[in-house]
């Protein structure tokens, strides 16, 4: 796989969704919609809205996969509608059911189009076929083994990102870009059964940014209110992210700027310990080479480096 | 920090706990107690019970941290007892409350000892102070910034591991070893407030095994029974682990052997996407260089390489 | 700096020059002209003439630098003509003097053109300004600090390579490609004196192929005839290269194919020890991940994998 | 292979030899004897004589190899004495012939001892069997394939280094340490012919310091006096080293301190281009993470950070 930016669009954006619009991973803390613009300089990116960082992107498609079979589609709809039914009025919803009013059906017409629109899976989540997996490591030079469900495969892809942190936590969370992608396809006959493939398997590229110096933040399964959860990796990773944000604020960043950094820069989110009841230990690896100043701790304490405007709050079209 | 093995103990072990004894991350699939022995050869380890793998260890302490204050201890007990109270008869329990009958109290005597035994935190989970965080990357050459709560700090450590995968999924899950550890301590006055430290922060070592070739397995928030969960990273990582195990079985490993590899080898567990409702995309990075045979997919399909005895089931002392 | 291939030219070539035409590093062993074609597949390349290898390229300009001042140019001509004068009839020559008959002079006309043609430096060697330095690590994302000698700088570049091994030993030795390059320029006023810059200094990119597994071959300052040289790194590196070629031949490669691999693949050439009289220890790092088969030693001995046609000998236009 | 420091000797030293005593790579520039002491802190080292640097060592044996056969020994003596004969009175000598007065002969007695002392190879240079190859990458976890010449092999080793830069340029040039080494030996029958082994081949360890940020200095085959040499890698690497020293001096280091850094820290010395007559392009990779201050160029110019005492000049026992 190879991919790149379009020559005439040497920029991208990172979006935080408003809480009423679905929000992001830390939406309770950042309920407003915000958008930061990231300019591209060859392999690097910088943002007028998030000063002090400059990093090499790991470009990748957020979304890629083969068409599901009718059977698999039915299973998706059944299980997701089942989940929605447990709390149907929730905002945001527990899952995104088919929505005929927004479906794009390509060349389908008439009854076939009507049927498809009524049951077509939305592209929001990752599923068995891949889909919106948002794996930041799936960059040029990678090789992916997708399960094939229908004759012809129906491989499609999109949602190109210039860079993303593990978790894509700001939701529209990577640096979204206009780009091209080039792939070579071959087939392993009966590969799904040969290799017990349920979800895609992939081999990453030998060409990736090598940021080796990190500050690593831990989080455990105790939430912001002090409540203890049972082996909850989601709560733990949220705490690790919040801990990193509080740390970065000591250097002058606003919370939203720090949040944007975690969404866009090549941070790693690891599940470090997941068996020691009741706390999962999640770790967030923040590469320190991406900062234009020294963000390491020292005995004297932090010197605020950033002292600018925050990322502006956006209106959004309800 | 530096650490190493004791000269006279050039071996360690990895344990899976029986389900009735607390189990591990995949205890529904591997309910029996099992133990594998791992011999050390300089920086490498191999196991008579898990043939075909040979890897360099990232030695680290599973457990390290400063003493909590009385206040913090009270908070731990309050929140964990609160969790237990939601389902007090659960097996395994939701958390491990203080247990006077097994408490080791050092030089404390009399009333002080009785009081301490009644409220002393068990060392099972990671907490704000660090504790049993089981972070595989905390190896020699690392630097950790711990919060200090009491005069003197009370830094202690133990549970040395020769190697561990992200998650320590088999529970007694790393390769437990007999070893030594050497640390240098300095103090950042008022560091907790200077850097907004809630949980420990650390800088990893420049000296770590560099396995660069991986097969990456995905998992989503749909459990083994097909039930859909809502943004559940725990379920997703379990699926990624199970997918990797099924893959390894195609090369001749038993399920328990594959499980032991995920517990002991330097696998990485990433939270790749955590905002695309309803599925978290968790990814398990399995280094392929650790295998003595080629474990990559090819058009011809897998050739079983391993064809030996399984890890024996252990009796355990109830 | 960013660079890439032209869409319509997804291939490049590696050339060995005939001995009478200047030859290459191992011209005594490979006196014939040969050319191998390398097709590009995204970030990877493979050659119909050199089967069994497949690697990611580190694209870079072989030649880049600012214009010399008249003074510096005079110094170049003086010292190179001085060297030639010590053995004026040598084939190949000791250096390449200005050659008016082949000079391309852009928009210069008349007397200015005649003068320039008579004294213009040939672009064969690297010099203080950079020039044909052929540094394989100078890839996209790199930053170079060039000395500036004349008003305006006169930065120019060319000779784009898809990939090259340290030394560019086959002479036209990288994989030569048709491509584009994009650079951003800024100025450090008085930088040459501020940083004592005599030759260019550069910072490599965080994005580079990460081949971590190598076989490393040594060479010492004893030449092919057994003659002892005094701390001669040139002889030592040649021996390391020859040792690697003999090794690869055991797997079925022809000598010329193995030579082409050393010229094109991201091999590293290190000066490991240069003070232990009379032998320099040079080391050649051959990445083993680039081979489609296992090229490591084992007790059973090598299994020839390659069994094809050699790189054809080329006619060349004398 | 595994190796380490002796517990009671947590320090080592780096020596520059006086010019009359053999000197080092830059002896014309640093003719005095000097010694710097390096203290070990776990995996790291710092020196009271060379402030501002702190790096993780890559411990390795400078010297390792099997015994030569009588035939090979004869060849060594013949070719090295031949070289000496071309300039027998040179200081330093062109090579180090057998020297009965300083020979240590272990358990040999009588006539056998006399004969051996007269012809035994000195351990100064690397030779076909390995010997004093001073390869910094030969660290714990490495595997070496040595040629075996006599029954039993006669493998021996020593000269343990805590860290060294490519070239070991200060001569006694690594950080010499007191340590232990542990190796596992197996035999490939007829391996020399199976794999065309002339000099040792080795596989480096997956555990090595990963310094990824470098400043890279170039050098060409024009010496300090401006004289042009023909494809002389020795001259080029010397220029690259001198360029790096001049650069470091801008930050306050003395020349001898900068020289000591190049001798001890994990710098890389590459032969980047070796075919572009008349200049070899050698490159010196200086890792910037080892400095406690920012040593990168910036528009404002360098701020001297080091302002201390130089490495003292040593008396030496003539």
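We just call them A, B, C and D in the order they show up, numbering each chain from 1.
Assume a residue touches a chain if its C-beta (ideal position, glycine included) is under 8 Å from a C-beta of that chain, and two chains touch if they have at least 3 such contacts.
Computed from a predicted structure; not experimentally measured.
Chemist: Considering only mean CA positions as chain centres, point out the chain farthest from chain C.
Modeler: B
Chemist: Comparing A-D against A-B, which pair counts more contacting C-beta pairs?
Modeler: Between the two chain pairs, A-B has more contacting C-beta pairs.
Chemist: Can you compute the centre-to-centre distance for chain A and chain B, using the mean CA position of each chain? Integer Å is fine.
Modeler: For chain A versus chain B, the centre distance works out to 26 Å.
Chemist: Averaging only over C-alpha atoms, locate the centres of chain A and chain C and give their separation in whole Å.
Modeler: About 41 Å separates the centre of chain A from that of chain C.
Chemist: Between chain A and chain D, what is the gap in Å from one C-alpha centre to the other?
Modeler: A distance of 48 Å separates the two centres.
Chemist: Which positions in chain A touch two or more other chains at once?
Modeler: In chain A, the residues touching two or more other chains are 206, 210-213, 289.
Chemist: Quick check: in the complex, which residue numbers of chain A touch chain B?
Modeler: 22, 24-25, 75, 79-80, 82-83, 92-96, 124-128, 130, 132-137, 145, 166-171, 173, 186, 188-191, 194-204, 206, 212-220, 222, 226-234, 237, 239-240, 243, 246-247, 249-250, 268-283, 296-299, 301-302
Chemist: Can you list the chain D residues touching chain A in their complex?
Modeler: For chain D paired with chain A, touching residues are 210-213, 289, 294.
Chemist: Which bits of chain B are touching chain D when the two form their complex?
Modeler: So the residues of chain B in touch with chain D come to 1-2, 4, 41-44, 56, 140-141, 182, 184, 205-211, 289.
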